[in-house]
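Each remark here refers to the structure printed beneath this line.
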Amino acid sequence: MKNSNIQLIDESGKRVDGRYPNEMRRLRIEAGVLKNADGSAYIELGNNKIIVAVYGPHESTPKYLAEPDRAVIRCRYSMAPFSVSDRKSPSPSRREVELSMVIRQALEPAVFLNEYPRTMIDVFIEVLEADGGTRTASITAAAVALADAGIAMRDLVSAIAIGKVGGRLVVDLNGLEDQYGEGDMPIAMMPQLNYVTLFQADGVFTPQEIEDAFRMVADPIKKIYREQKRALKKKYVDVVREVEKSE
Amino acid sequence: MSESKSAGVLSLLKREVILAGLRKGEREDGRSLTEYREIEVKTGYVGKAEGSALVSLGDTKVIAGVKVDVGTPFPDTPNMGVQIVNAEFIPVASPVFEPGPPGEDAIELARVIDRGLRSAEAVDLESLVLVPGSKVWTIFVDIYPLDHYGNLIDASGLAAMSALLDTKLPVATVEEGEVRVSEEKKPLPIKTRVVYVTIAKIEDFLVVDPTFEEELAADARITYAVNEDLNICGIQKGGSGAFRVKELLDARDIALEVAPKLFEKLPGKPGA
Amino acid sequence: MSESKSAGVLSLLKREVILAGLRKGEREDGRSLTEYREIEVKTGYVGKAEGSALVSLGDTKVIAGVKVDVGTPFPDTPNMGVQIVNAEFIPVASPVFEPGPPGEDAIELARVIDRGLRSAEAVDLESLVLVPGSKVWTIFVDIYPLDHYGNLIDASGLAAMSALLDTKLPVATVEEGEVRVSEEKKPLPIKTRVVYVTIAKIEDFLVVDPTFEEELAADARITYAVNEDLNICGIQKGGSGAFRVKELLDARDIALEVAPKLFEKLPGKPGA
Amino acid sequence: MKNSNIQLIDESGKRVDGRYPNEMRRLRIEAGVLKNADGSAYIELGNNKIIVAVYGPHESTPKYLAEPDRAVIRCRYSMAPFSVSDRKSPSPSRREVELSMVIRQALEPAVFLNEYPRTMIDVFIEVLEADGGTRTASITAAAVALADAGIAMRDLVSAIAIGKVGGRLVVDLNGLEDQYGEGDMPIAMMPQLNYVTLFQADGVFTPQEIEDAFRMVADPIKKIYREQKRALKKKYVDVVREVEKSE
Amino acid sequence: MKNSNIQLIDESGKRVDGRYPNEMRRLRIEAGVLKNADGSAYIELGNNKIIVAVYGPHESTPKYLAEPDRAVIRCRYSMAPFSVSDRKSPSPSRREVELSMVIRQALEPAVFLNEYPRTMIDVFIEVLEADGGTRTASITAAAVALADAGIAMRDLVSAIAIGKVGGRLVVDLNGLEDQYGEGDMPIAMMPQLNYVTLFQADGVFTPQEIEDAFRMVADPIKKIYREQKRALKKKYVDVVREVEKSE
Amino acid sequence: MSESKSAGVLSLLKREVILAGLRKGEREDGRSLTEYREIEVKTGYVGKAEGSALVSLGDTKVIAGVKVDVGTPFPDTPNMGVQIVNAEFIPVASPVFEPGPPGEDAIELARVIDRGLRSAEAVDLESLVLVPGSKVWTIFVDIYPLDHYGNLIDASGLAAMSALLDTKLPVATVEEGEVRVSEEKKPLPIKTRVVYVTIAKIEDFLVVDPTFEEELAADARITYAVNEDLNICGIQKGGSGAFRVKELLDARDIALEVAPKLFEKLPGKPGA
């Protein structure tokens, strides 16, 4: 987080892209967008464009990764070279390695892994365009792709960041706010069960702000969840019924 | 190291079904042997890229993005910009793609696209010199298949060419050897457009724009890159089978016949 | 690529033993749930390093060394020095560490330590510029666990912070753009100190400074980085489990409560 | 292909090295040059110097590559660092990866793979000196090395490039012609069965030139085939008899 | 070895750090310093600080490395980035690869490998600070760590370098002498059985100097051996008894 | 990571046969214990290389090529050219060589050859400086075994040394810090020649120039690099066995005895 002279909130309390502090960017989710994948989803959150493919449950490759009593989730978060301002090398960066892990850990609590012993479930995420908040948007889309693949889930996972710009908390940082703001706190939740499955922060937050962030995130999480269900419903009424039954 | 590909991916039965159709002049999706699947080209898809295109060829989907950067020329071509084509077979696109650095198939694809563009002099590389011998524009074309349902070469060619046609290059000025890149942009100079026509050989049949299953059934494939003068600006035979000379010449005729339909799908040249 | 971790490492029986203890408010080594193991910090351990520290956290041992070099700044921060944190899980430290390049756990550890330091602005990076835009000090912090008995994050945080506090930077002068590094040294400028508090969740219990076995028994963990103002300068949830919001806030309270005890173990700030 | 002012054909129709358009460079092939390898060949084509070793058929390593009904060919085309003007890094370039594949595909049609189920046949190619046309010379030598290893073959494979310099087609580009000429079209054929197993082109060719190239390549292919047989005969009269029987 | 004008031996025959030619640096060895490892040792030789962990004998990973009639030793010599003046990249250098091998080969003759068929014994060496002579100090410590792990041994291995500075042989080069001296000749011996298990040299030595070096190394090797036994005795009286029984 | 080599490659019976011969003072190919196989050195083999040599040592064949380039010196030796020796165990040469980056054996070989040359100051690196501290000649020596029938070290030493003796360096002039490389060439300056003598220990026998099977039967090997003054300029013990001191000194005597015969096979020094 680099403080700077860039003014990220104006006198009227509006942000650089005209949003209010508690306002998310435009969100669009589509399920079942790929033919090869067993499940898939496409998400646009502001300028972010991300595609997620789920393959599985299938036989574990390599075999030694298989677990006798449950499925193993393999997760790959990757950014296309043209998704960012300066071309990104296609080989995995340390950031991508970490995000592949925390995204996996954000999804695992929601999947009934024990239903699929000895199998592997692949979650492949490709960021086509990035503008702040790709990890949370990826989680949101990946949960839809898992459901689209017909995988049994306790709940969906809905995710969004709380950030800190101009000394105050705001919802859903865009790229500019992420770069010049004071803090970023991505949160993923199982919205029906009310559990936190991803929680990170950069920047400096007062102890009180941690609590405020959780209060602030509740509403956007609900909105995201509704959009996830809408996307699933649109193509797979049956699958949604399964998900709702578990609510 | 290159190893023979696994056979047995396509059942013999399935191959027989495909062949039975071809003997009647029919393909599974109802196309004629020289017909392409439906083509859709969407440029300007990625805002962060200098140029981009999302291409659908039936169920096959490929995205290509162009990034540009000021770099140094290759030592043997000090007065030309640099064009780099890269393809990643990300596991999103197919259960047969494994994560990891590009394998031989992705490398071949990128090199075939690159050579076609380069042979045709599609990008006017000579106009991309900023300081002769030391500073030139580098044009990166990254090809990402998103859904692999056959014929990645032609789809990638359409995506790469469309992304280049969509590319806006920042206006750069040079003062005392220092390059200044402004906010202003102008189209990347393109001298000619190129399309790629791939024809699979399944027993004695030549089939344009093969699907994934037709590719598995095929003995070999031949790709002709074609420029706007309808000359050949690249050839690549693929697969472990062989062709008769006549088959290669027939394929050439087919390529020249269908190329104009592909050009129609591409954006126009800048300034044209 | 990140894969689910193998379960079955800890026997169910062992997990039951740990839980039975926690239900009585007891841990196997006699500590309370919010108590750290014994901490020892030894700075100046490695003569060849500009700064170093060997830290023991009970049986967990971590060494951190700082090397400095004149380098170029990142393009987007031309007026700041460069801080690079790296961790290697060398096989010396544990039978679960395999030789080879850093895996996701080592990368996560390094990035968590790095972000905490960076968010708090612990190292005064702006004072490390030699020639604005072209020459700055690069500060390498290398973290090497030597014996892994649990809670590598907090031990590594203590080692990294102590090594930075121990670091002597050569005095450099710039003449006509050329940097001259003298023999004379002065302390690396540090603006604030940072500590990391990790709390494991085992069923409904929150346990500070988990041992290796407690980590295996845990559903998830949460780390708070805390600066000298007792503000939060970094958060990382780990593990494949989930937290209730209340648990995360309780963990925050615990972190703020124990952080001052960790600060006591650190060397003082230079000049302070 | 970089056009340039270098004159590659003089007024009398001769090329930079004094050859006529339809003239190949000096060709020399030797079979059985290595002791460890099961089969081997050495080729000189002009300044090109290439050695090929064949190991196998042997048990497949790794085992999962084995095919139940046929042999797997493993092929590696590699250039020594000192084989070219500017030292080449020993790690495989993208060009070497592609050429390893197209050379393998040029050889496979000629080998009775089904005779050797569950085995692997290694074709290792090392370019000691390169001067244009190494891929075709490698194929020519590899076919000899396969025959030298006693592997059952439908036919040999003989290969040479047709190129375009000074606006006209010529046989067997040398390094200089390859660098400054207008086009390069390497062709590999099974000379007795009359099948094309490798066909590539760089540069711009008219549709008619494709046909002309195939006409032009027929004679050099025959010459190469004769030289291949001569090399095999020289050391292995028996092996050659087998090959000729299949003609 | 770079000759230079730096005077490494003064008029009184003393070296840059005040030692006499046949004088070793201060040596300190500690056994059993790590809790996870099955055996471990820490060595300080002058400014060198090295830690060695031994894991095993354990099941071979990967399995194909296992030998039916004996243990396989896996050895890794590694230098921490901060152990030297200019930060060393953590990825293994060619020097580290070679040293991992010669150190393994220096230890193998001392271990009763046939006592542990189908197993693997890991020797992991981390140099925390380097000041000349790390390979010999690593061997000395590794032998102690192997004994500390309770692995049956024919003998310990004790190692030190003979060097050449100012035209004469000296014992135990430090970093400065190594950098500016004329030659370095590391030697490892099984001190009781009187076998040489590592022998290398850089720099120019007369034939006579080879003999002189072996004479000169005898005494330091004895000292090192005593210190190794002392370290083992200090914590594991029992283990030492085993070692002495075999003497 | 270095692992013990697989035993069982050579049958016990075969080892017994070799030993039975040695007890009678005989080797399988009729040589005495201190006799080399036939040596052939062919320089100027590769036209594109600045220097090259193809060496046969009986059935063992090694090619070495030298390439030169203008580069930057190592920071700690600003007034010396750079010598880089690399060896690749390409799978052409032996069924025991696997494709891929150099393993420990190839790295050891290259480093042993490099150190012998460097210790003897064979290449006059100080004469290879173009602009002190910034531009020097880099001399790459690449060693490629083509057929591995034992004793790669000595064969590679002959190949590397011969290739260096064959090397022609372009004449370079420096004007205002810029290096101009002309077409004219002169021999690479060589101060002394070096040969490598490797002796295998098979039980109590010391055997010069071991064949591949003798290497498999050997307990250990010792290599002495010898310069033209018949001093030792490099030593490397190899293998998992041990030597008595007397054996090492006997091997030294053998090395000094046979070295002159190897020097006879090398080209002469330039200008000598």
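Note that the chains take the letters A, B, C, D, E and F in the order they are written out, and that residue 1 is the start of every chain.
The working rule: contacts are C-beta pairs under 8 Å (C-beta built on N, C-alpha and C of every residue); 3 or more make two chains touch, one makes a residue touch a chain.
All figures in this text were calculated on a predicted structure; none of them were measured in a lab.
Here the chain-to-chain distance from chain B to chain C, counted in touching steps, is 2. Using mean Cα coordinates as chain centres, the one most removed from chain F is A.
Separation between the centroids of chain B and chain E, computed from CA atoms only, is 57 Å. In this assembly, the C-alpha centroid of chain D lies 52 Å from the C-alpha centroid of chain E. Residue positions of chain C touching 2 or more other chains: 1, 99. Of all residues in chain D, those that touch two or more other chains are 76, 86. Read round the ring from chain A, going to chain B first, the chain order is A, B, D, F, E, C. Every residue of chain B that touches chain D in the complex is listed here, in rising order: 1-4, 6-8, 75, 77, 104, 107-108, 110-111, 115, 118-120, 220, 222, 227, 230-245, 248-249, 252-253, 256. Listed in rising order, the residues of chain E touching chain C in the complex are 34-37, 47, 49, 51-53, 55, 58, 76, 78, 80-87, 90-91, 122, 124-126, 128-131. Chain A makes touch with chain C in their complex at residues 1-2, 65, 67-76, 86, 94-95, 97-98, 100-105, 108-109, 113, 183, 185, 190, 194-207, 209-211, 214.
Interface residues of chain C, counted against chain E in their complex, comprise 45-49, 52, 59, 61, 63, 65-67, 69, 86, 88, 90-95, 99, 101-102, 140, 142, 144, 146-149.
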